[in-house]
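One structure follows; several queries about it will come next.
A, B, C, D, E and F are the chain letters, set down in written order, and residue numbers restart from 1 in every chain.
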Amino acid sequence: MCLAIPVKVKDVLPDNMAKVTLDGVSKIISTALVEDVKAGDYVVLHVGYALGKIDPQEAERTLALIREAALA
Amino acid sequence: MCLAIPVKVKDVLPDNMAKVTLDGVSKIISTALVEDVKAGDYVVLHVGYALGKIDPQEAERTLALIREAALA
Amino acid sequence: MIKANRRKLDLKNGRVDLSHGAGGRAMGQLIEDIFHKAFDNEWLRAGNDQSAFMVPGGRMVMTTDGYVVSPLFFPGGNIGSLAVYGTINDIAMAGAVPLYLSASFIIEEGFPLTDLDRIAQTMGDASRETGVPIITGDTKVVERDKADGVFISTAGVGMVPAGLDLRSDAARPGDVVIVSGSIGDHGVAVMSKRENLEFDTGIVSDSAALHGLVAGMVEAAGAAIRLMRDPTRGGLAATLNEIANASKVGFRIDEEAIPIKPEVAAACEFLGLDPLNVANEGKLVAVVAPEAADAMLAVMRAHPLGREAALVGHVVADDDCFVQMATSFGGGRIVDWLSGEQLPRIC
Amino acid sequence: MIKANRRKLDLKNGRVDLSHGAGGRAMGQLIEDIFHKAFDNEWLRAGNDQSAFMVPGGRMVMTTDGYVVSPLFFPGGNIGSLAVYGTINDIAMAGAVPLYLSASFIIEEGFPLTDLDRIAQTMGDASRETGVPIITGDTKVVERDKADGVFISTAGVGMVPAGLDLRSDAARPGDVVIVSGSIGDHGVAVMSKRENLEFDTGIVSDSAALHGLVAGMVEAAGAAIRLMRDPTRGGLAATLNEIANASKVGFRIDEEAIPIKPEVAAACEFLGLDPLNVANEGKLVAVVAPEAADAMLAVMRAHPLGREAALVGHVVADDDCFVQMATSFGGGRIVDWLSGEQLPRIC
Amino acid sequence: MKYIDEHRDGRLAKEIARQIAALADPARSYHFMEFCGGHTHAISRYGLEDLLPQNVQMIHGPGCPVCVLPIGRIDAAIALAMRPEITLCTYGDLMRVPGSNESSLLKARAAGADIRMVYSTLDALRIAEAEPDREVVFFAIGFETTTPPTALALRVAIAKELRNFSIFCNHVLTPAAIQNILESPDVRKLGTVKIDGFIGPAHVSIVIGTEPYEFFAEEFQKPVVVAGFEPLDVIQAILMLVRQVNDGRHEVENQYIRAVTRFGNEKAQAQVANFFELRESFEWRGLGEVPYGALRLRPQYAEHDAEKRFSMVTPAAKDDPACECGAILRGVKKPANCSLFGTVCTPDTPMGSCMVSPEGACAARWTYGRLREHAKAFE
Amino acid sequence: MKYIDEHRDGRLAKEIARQIAALADPARSYHFMEFCGGHTHAISRYGLEDLLPQNVQMIHGPGCPVCVLPIGRIDAAIALAMRPEITLCTYGDLMRVPGSNESSLLKARAAGADIRMVYSTLDALRIAEAEPDREVVFFAIGFETTTPPTALALRVAIAKELRNFSIFCNHVLTPAAIQNILESPDVRKLGTVKIDGFIGPAHVSIVIGTEPYEFFAEEFQKPVVVAGFEPLDVIQAILMLVRQVNDGRHEVENQYIRAVTRFGNEKAQAQVANFFELRESFEWRGLGEVPYGALRLRPQYAEHDAEKRFSMVTPAAKDDPACECGAILRGVKKPANCSLFGTVCTPDTPMGSCMVSPEGACAARWTYGRLREHAKAFE
């Protein structure tokens, strides 16, 4: 239940629903809690709902930071 | 369902019910359709209800008639 | 080494829950504390997913039956005794010596552990009494209302004595038909405890393992036995019709010769049933060469399970495969399969 | 001779009703038109209550499993294929050659005949493909809501090649652990079709009969095999823990070496499951003497069902019987049985 | 089994059969209709016909309440049972009766309907009491014997305020049907019925007495003997009928004096009268519309009348045109005269009313008497 | 798996661990509490502790919503579920949580209660819609992450007029609990807690942002790093905490910048605010009463509030006195210090809150880390 995973939005569906995928597995979830979800977005999925969007730039920045720290 | 068999009243129970027996098998039935049922009576049982009482004398008389006819 | 202090199964108030079927420690505990304890033998102790045993070369038989009787407990037995005896009997009907049984349990969530334990103990007792161990098994748990308490499927294997080959198509005109005892006891005993049907009777199920009786018959006159069947679901009527159709013969039987207990007859009157359609779980029907009839009856009557054995009729040539019966009243009639669903869940 | 013009089973819209389990003609028709037709073989045609076959002397194994999978049809198979392959696999895990199967059906009133027919045909196909005939069976029908569509219990027998004796307590420190392919496929395929869990994936059940693969392994290096198990309910984690406890040893396995399909891993992320706990139906775990590891892997990889065979760890001495795993991340952890009911009705 | 075993004595039966053979005029034939399926059953079950001389023949009448239920009523019951709120309670006999398109209550159950087999109306009441959220409908069928139990159940339901209990009433009346056999317009179409006398069912007369047959016996000049269901009862009744015919009498005689009186069980009759009234017309399967041949609930019990409570409609539905039940039920034909008998139509796959219950004329013939159809001697 | 796999790179982790080891002052020790069970799970699952230097220790906090649910709430839910009209929907995690007297929802199911495991509040809504005759109660538990989904379900239920849908609300609040760990009266009793910093859960902060921790960090002078659940996220957060401690800072830092902002998801917050209000006090299993540590439905939604709709009472019920969860949840003790750990109390037979969910401190230790307790080296 505590699980929260990043998944990619494949199709935006009516009624604030969306089809999301993770490595070829897809599932229909609710996006009613997040503003302005578009196909291609990554969202954090939790108990059937998107809780928020992933910012790709910030994600890249985090990885860069980690790599930097690792090589320090 | 069309079955009607003579059974012996073993115990009269409350609410117009009675325990009846046939050769060591007993069952609880309703006697609400028959007046004045007593332990020891034989009744004709049909779909869980006594429909009428058997008159032992008349039963004896029937058998006598049959035997008589057979020997005629 | 810290050993987890496993909590004991609550055999008094506990119930089977979904964790008992999930392949984890709870399932292991259920199997060990109830089934292995009750069936206890070297094969189960080995803890493999299958059990091994030595067999001599020869003709082997295998059979299976599923048991879904309702109610699970009835006068004279429970689903567990049926599951052991019934499968032994299907082996014995080939004239074979039963050797080993397997048992597959499908249990409904919520089933009382105390009932499961009682059933397992009955099976263990039956297995020891008959000398046929339950050497491998399986346990599944399904959600509430996806089963009815417990279902048991047993399978069994046995070895056929050399030279014996009983087949359902072996009945020949002139052969005699022997039943090993009174018919209808099992079905009446089970029905007497059915909800909405309840009646009181002293009748108990005839549920019993027939391999001992059969061994005696085979030893005494094996060559004279054409075939044997246990008249379970559908009763004597169904069994005779099956044999007639398989062997392409007819039967002529004698109502007066068929042993029926007075209480069974009375219960059938109550319910509008014909005892010929009522299930048995400890009786056999043997079709036997006529010259061996007396010897066979004598052997059977010497065994506790064949004491009331009776010659009830004989095989006749009949392309229509009719089972005819001379009624005790003096007329004749056809004994047919029962149509429909009159007696579900009797075994 | 007037022959009753038996009405055909309505395989399109018909449903199983109580008369199909009552021992009368309706039951006979169901068995003949669906089961016997689908399984067709000489033993069933003989029409006995048990089936006979010749066996050579030697070591035989017997096993049984009940199948209650939900849903009944899933990507890559249905309850029928499971019931044939699963029991063959339990025989094969002893290194034995599977010979014959029995099948006991418990069917819920109202079950569509078309589904029953489809399941029976799948079983017939599986039986022909594996060369293991279903030679005897039983059919029971229970009232609506007393079962869940259909349950199947199969039992099977097989012969163990001379000299082979695989036992659950035979693992020894130093032995290697080989799995025959990717894990978790079956469980994920079944769960993907569960109501309220539904997700889309290309994953199909790995359901398959392993006796061919096993025969090759036994032939090539039978003496080096300590034991085999198919990691079904509870997955690889349960199987390794069972072996560890039976053999009183520990395991050290390497997460990176365990083959897991990316889609299976992804589905497990979705559901919060560990693939090590997820059921397989066409995979085996073999514990093998270390010197034979390479030869065994080569033999397995040459077989279509062992192409992805991998050495995933080895046996260590451990009184606590821990299954330890070096995680792909670089840490270590215990791989335990799953507690509770997380994945019911997977097989 | 007292009052049972002594009436199954084959030796006595043989003697009476000898009497019948001696009394039966070889120059003529005797055709007697046993109206009730219970008698048909006894005749077949014990092989009674084997004992009768060639010129005394039994004709199986329409007296099986299961058989005479028209297809449309089965269809209506199935439609009702398929409604999710309904629990339909029924005597087991009805489960396999075919409705239209090979339907039946048994198959409706398999398709999801909540249909329960009961032994007695008492069981249906128990269900209604135990499951107040279900609409429990008792599928009431039968002649005068099952009507009082239905009436009593209604009385209890009202007393206990079981508002979820109702009756789908299909109770029919014996005398009306017997009369119809002799006088309906169909008789002209089907040809003259050769019936020399009737055996009336004892259990019906335990309730209604013998009196209701008196008008009929007089009007149609046919003897009636009310008889029990044991084989000796039946054969004695046949002897009594042969004597009446020989004597030129057409009286209502009572073979079952051990429980039947002229006016019957008045307590039971009062229960029935309290709750039921005549229907002007009601279809009997095989016989067609029978005037005043059935009962319905009185309007003041509409709340417990399933037909009204659930606005049930009885669809028009017809039997296979090849089915000869109409003629068989009137004694004009025999089952063997039907082209469907034993081939398309069997107890496992009944096509017409006479095959649906084991007590129907065709079913009894199939189950107990095919031998004779095959012209084989049974010694 | 994008955004997952790259954060599970063991080589990078080893490098960061090396950094941590290099930065960690050998003269002192570092005790960090990961508040959330998700982090506990990741630490155990990937064996993260094996990578950390001896003087950097992780303390498993109370952040598992399943674990902190008091026994009395489980008992109340079981009592409710046993009522025949109720269908209780629950996340699967709750099924095995022990109530009083070895009860659990799993055993209540076995005893006949209608309890369904759901994956999402959407499933519970679907059940309520499909089965209008059932009273469908959603057993709502969880921190700020599951509260918006509950709020949304309530909104849909009201819009669709699903009057048979209600909520048994057990939602609790993260910041309140963290604060309680440091300031509750129990701390005196249990001894001083040595915690040098906290790891906050990313999914909670996706919803509430990082801002709610600012007051706390300042007030208690403890650094907080909000981090994701992949092992690299966690180890990076540990590195960030070590740096703060070394620098003498006590800031709220955001490791999960890819989805967490300072003020969080305001749309989700608005949903929550619309339907829920603070409870003055609520018991956390192990922690005792936590002021303002939980939510309840606003009074205008009483119709959908199971506690009011069904007049639920929460019985007083206590854990085994030997259970050390209270001290463990506050970081004062470790599971191995509990005399019941691994003998009487195991994941199959949990005695206290820390063993009931796989994410609880004791369960995670049992499942993933017993080896270390046995002082065996794992190379």
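Convention: a contact is a pair of C-beta atoms (placed from the backbone, for glycine too) under 8 Å apart; a residue touches a chain by one contact, two chains touch by 3 or more.
Only a predicted model underlies this, so the values are computations on that prediction, with no experimental measurement involved.
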Which other chains touch subunit A while also touching subunit F?
-> D
Which chain is most remote from subunit C in terms of Cα centres?
-> A
What whole-number Å value describes the gap between the mean CA coordinates of subunit B and subunit D?
-> 60
Approximately how many whole Å separate the CA-defined centres of subunit A and subunit D?
-> 37
Starting from the mean Cα coordinates of subunit A and subunit B, work out the distance between those two points in Å.
-> 80
Inter-centroid spacing, subunit E versus subunit A (mean Cα positions, whole Å) | 73
Could you tell me which residues belong to subunit A and also touch two or more other chains?
-> 1, 3, 5, 22-23
If you look at subunit D, which of its residues touch at least two other chains?
-> 1-2, 17-19, 24-26, 262, 265-266, 269, 320, 339-342
Would you mind listing the residues of subunit E that make contact with two or more other chains?
-> 1, 4, 92, 96, 106, 119, 123, 348, 370, 374
Chain-chain contacts, ordered by label, are A-D, A-F, B-C, B-E, C-D, C-E, C-F, D-E, D-F
Where on subunit A is subunit D touching in the complex?
-> 1, 3, 5, 22-27, 45
Sites on subunit E touched by subunit B in the complex = 1-4, 6-7, 12, 15-16, 19, 36-38, 41, 64-66, 91-93, 119-123, 141-142, 145-146, 148-149, 152, 202-203, 206-207, 229, 232, 236, 239, 255-260, 264-265, 267-268, 271, 359
Note: in the complex, subunit B contacts subunit E through residues 1-6, 8, 22-23, 30, 32-35, 42, 44, 46-49, 51-56, 58-59, 61-63, 65-67, 69-72
Would you pull the subunit E residues touching subunit D in the complex into a rising list?
-> 96, 102, 106-107, 109-112, 342-344, 346, 348-349, 370, 373-374
Given the complex with subunit A, which residues does subunit D contribute to the contact?
-> 198-203, 262-263, 265-267, 269-270, 272
